[in-house]
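One chain, chain A, appears in both complexes that follow, with chain B as partner in the first and chain C in the second.
Let's turn to the complex of A and B:
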């Protein structure tokens, strides 16, 4: 009796995390068992996207500051993990100008992904130290400018990234299970941070920076903590992504990807973890459907021209529509919570 | 004579080029309830801001419990034991009542004490227990004021500063707020109160300072002030307003 009750009690207290995690696992198991290989791929990619989106959410959702930069941290994680784990022979061939020390490096994939996250977090810790002191609008523009700096470094530093050319030969590692575990880990991390005292401080500063300071909150330090943690998460997501896609170029970490990432955050509702999950779901489904539509229109040759960019167009319209009618996103700022009523009922049943 | 808990000595402060305080001095002793009175623009809120470090005075000093706290950062001053309930309540609307209270407790957080403190707040403000999991923004004005005061109390302040606690509240709720101030006073809490409603404030305080144009015009015990100053004339620019209760 006590175990059931205690676990119910626990589930009620953390109902937000539980009700996000359980369906993800269920769908994952179903897809793995019965899904076509396309579906497995789509779900894996969904989980990887979810990792990235949650990384963004931890900073943006809690602090209320729009971040264009996080796709850059995804890139840092991807390159770091890729460079660390790709076999020297492949690197020597694929990246002709690479520093010899980097060419010789090779460590297993999992530690490489973790290190990729840590590299992203360290870079974030250095660059955001002055940035978190900037006021909101100026801070947003600075983050955007920093993304451009990241992009220039990635496209020009051919001793490390192979410049604008494709970096290929990254060992494949990310299966559906890996991506799912990663996504669940991110949910737990995002949830833990949101409910932690530091997370609460950051959320208070979103409401009113000055009132937060008057309550005794060091706003800069709170935002700094959120930023570094979210960069770590974005970097980890980048590593997992790199070992899924196996070859990529700096283009993958720039405007259009940033737009996709932000649309996932904004459409679901940046203020909550539930919003991030719902937004990623909606955008992933919409993108897959639109891509199919686009492909079948083009294959049918009914039009005299190629349909191109339909996906981006519809996504942009969707985002504008959400911003007009539901500026807080589909979910809004509050987390989804099963009503207490339902839980009470279940508890009574279990007591009988 | 004992040294005062809070001693503000000749502070000057300005907003950009506009000078707001021209040398305010005041003292608050432990266990006292002190009011700052005066019309809009007299410098009441600015004085509080200067004490809490939100605004840096251009000269003068603020001493709290024998320590110079002039121009310290607000969060450090809160940790020293001064809590401010800002004007217009400024609770965190997107956070739940529970989270608002937890934020208040951060300045001196102990898990065990937190639970006991919550219980105490529920006794003082039963409505907060009812609304515990609701976002603060959905509370009524009076409830938000209660929450703002409860949040400040969670920090175990040695000195509580209330900026216009009755602003925008109905007369009935205003009564509640003043009843609360009286009961906090009986518990021995030291309070610095800024109030427009001078008549009401003088009923609950030991001492008061009447500010005008950034200077202390009159100070003394509540009875002194009542005798010395025609409150109505202060608010109505010196013209006799036939006594009567003035509420602005």
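Let's turn to the complex of A and C:
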């Protein structure tokens, strides 16, 4: 078999990952070459969001447990990576109460981002094992309560995070290329986990946890693996985000941001990686358009008052609409596959 | 430390939290939905007071309007958002309630203002009385009295009327209840109306404490109701009431005993307690009847 044939065979077998990765690279190259700076910015932000969304999807999509907590891991990654890579002089000025050892610390950006992800994964590994026993509403509430604990610590621990005030001076590092590579890496990770035996076990527990347990799957351990991996991914995404935004406060890792993340996951369909990519695309475009509309309404001065919150308002309506008409998301929990185009589309899995 | 002032303050805080918690639990019992939009019903009550004060309504009318507005919004969100999603997955319901919450917040943001608005309340809210040497705001005593009346009415409704019995049955086994001929939409609408009523009453006292209302007013009471129900038990209104009082007590004790440097972490402690409760006693303080399985 020639190399071309072999790679074609490989691409067919892993057509989901290939079909998601190729367009992302193509659009990335096009935007980089021909796009305006605004478009480059939007696409970079899209790639960073995609990293976060895939982090959420690895846990939520595979285990079926709605997670409010992941935006907290994004925050952990952002703060860890920001603190590790910001020059000491900037930290000494910007965060007056910071521990001296943290102030003196400075490492290059890339290892800082990786360490940020690892810190998030370690925190997840320490706290989450007992939570993985909880399913359904109770599990959701526990994760939500933990997010609040995260938020309180971030806003109050001013020796580390500068409290509720803005943490600024994070070196800029995330270009379109960095974000794109990050997003592709996340797709590969998410895909690898999904197809791995552990991923299969988690998905089995999502569909019927009693049947899964009966076939000898340790449901708690399987969920735990998914959770720690997804926290690692969310932490990495947070680091990349921090080096894109360069200044942030704990507010960025709370309810409203979480709602944006969740809307991306839910609108596309939490059950699949393709759903996460499509959801992120749709929501990013919709938000960008709405923001332009809001800005042009405000700039045109046709109204006597400033328009605030229109974007969120419309997003909320859109989200409820999607949940009413397609509760499984736009592509209904399926992955894009080459075979889909040849044969008749499979019946959707309906949820009772 | 434990004097009359502490007792009354704890009781009044507990009463307010109990009201909040019961409103949340009524809907949870039937739909198994943790309604994230619940806090926004309180916010609506606050804005209703603000608006009716602009119009110049007398204070009793203002209070009625506030409660009515809260009930109306609760009812409308049920019809428009929760009803169509109800038969879908539970995640869909949860996310919907989150979306409704964001929606309501942004409606007032857009329609009124992102800034806080002062809420005028009748004079007797801010008066103080002296009982046994302790100076107490009259408001605190009013909360206790109001809660007692409201909870008595509610327990009469739940125990003695057909509607109440239907609701309790629905909270245990919704499908069986429907098979017995109880209309699902009716019971759920009733639960949302009562939930809105409780939110409205609690909302009056909530905005009465700070004297102002802004689009994010609903966040704090939602979280409190949340903790209280989890601690007390999510399967019965009694559990919610107990949870409310336990929360008030814990909150006051933590406020007194935590060293000054840790006081700002109080909320983290409260939520850590919630997580512990969920892990070790997910059915809450009051264990009652059928509980959902939870271990995966």
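Here is the rule we go by: the second predicted complex is superposed on the first by the 338 of 352 C-alpha atoms of A that agree within 3 Å, B and C clash if a C-alpha of one lies under 4 Å from a C-alpha of the other, contacts with A are read in each partner's own complex, and residues count from 1 in each chain.
Going forward, a residue touches a chain if its C-beta (ideal position, glycine included) is under 8 Å from a C-beta of that chain, and two chains touch if they have at least 3 such contacts.
No experiment lies behind these values; they were computed from the predicted model shown.
Trainee: Chain A superposed: clash or fit between chain B and chain C?
Mentor: After superposition on chain A, chain B vs chain C: fit, no clash.
Trainee: Please indicate which partner A:256 is in contact with in the superposed arrangement: first for chain B, second for chain C, both, or neither.
Mentor: Touch partner of A:256: chain C, not chain B.
Trainee: Based on the superposed arrangement, let me know which partner A:201 touches: chain B (first), chain C (second), both, or neither?
Mentor: First partner only, chain B.
Trainee: With both structures superposed, pick whichever of chain B and chain C touches the larger number of chain A residues.
Mentor: C
Trainee: Does chain B (first) or chain C (second) touch A:214, or do both, or does neither?
Mentor: first
Trainee: In the overlay of the two complexes, what angle sits at the CA centre of chain A between those of chain B and chain C, given in steps of 10 degrees?
Mentor: 80
Trainee: Contacts for A:233 in the overlay, against chain B (first) and chain C (second): which applies, first, second, both or neither?
Mentor: neither
Trainee: Chain B and chain C, closest CA-CA distance after overlay, in Å?
Mentor: 11
Trainee: Let me check the overlay on chain A: which residues of chain A are in contact with chain B and also with chain C?
Mentor: Chain A residues touching both partners: 213.
Trainee: Given the complex with chain C, which residues does chain A contribute to the contact?
Mentor: Listed in rising order, the residues of chain A that touch chain C are 64, 66, 130-142, 144-146, 148-149, 152-153, 156, 205, 209, 213, 219-220, 223, 255-256, 259, 262-263, 266, 270, 307-310, 312-313, 315-317, 319-320, 323-324, 327, 351.
Trainee: Which stretch or stretches of chain A touch chain B in the complex?
Mentor: Against chain B, chain A makes touches at 197, 200-201, 203-204, 206-208, 210-218, 271, 333-334.
Trainee: What residues on chain B touch chain A, complex-wise?
Mentor: So the residues of chain B touching chain A come out as 52, 54, 73-75, 78-79, 84, 86, 90-95, 99, 102-104, 106-107, 109, 135, 151, 155.
Trainee: What does chain C use to touch chain A in their complex?
Mentor: Touch list, chain C to chain A: 28, 32, 34, 81, 84-85, 88-92, 94-96, 98-100, 102-103, 105-107, 109-110, 114, 215, 219, 223, 226-227, 230, 264-265, 267-268, 271-272, 274-275, 278-279, 282, 292-296.
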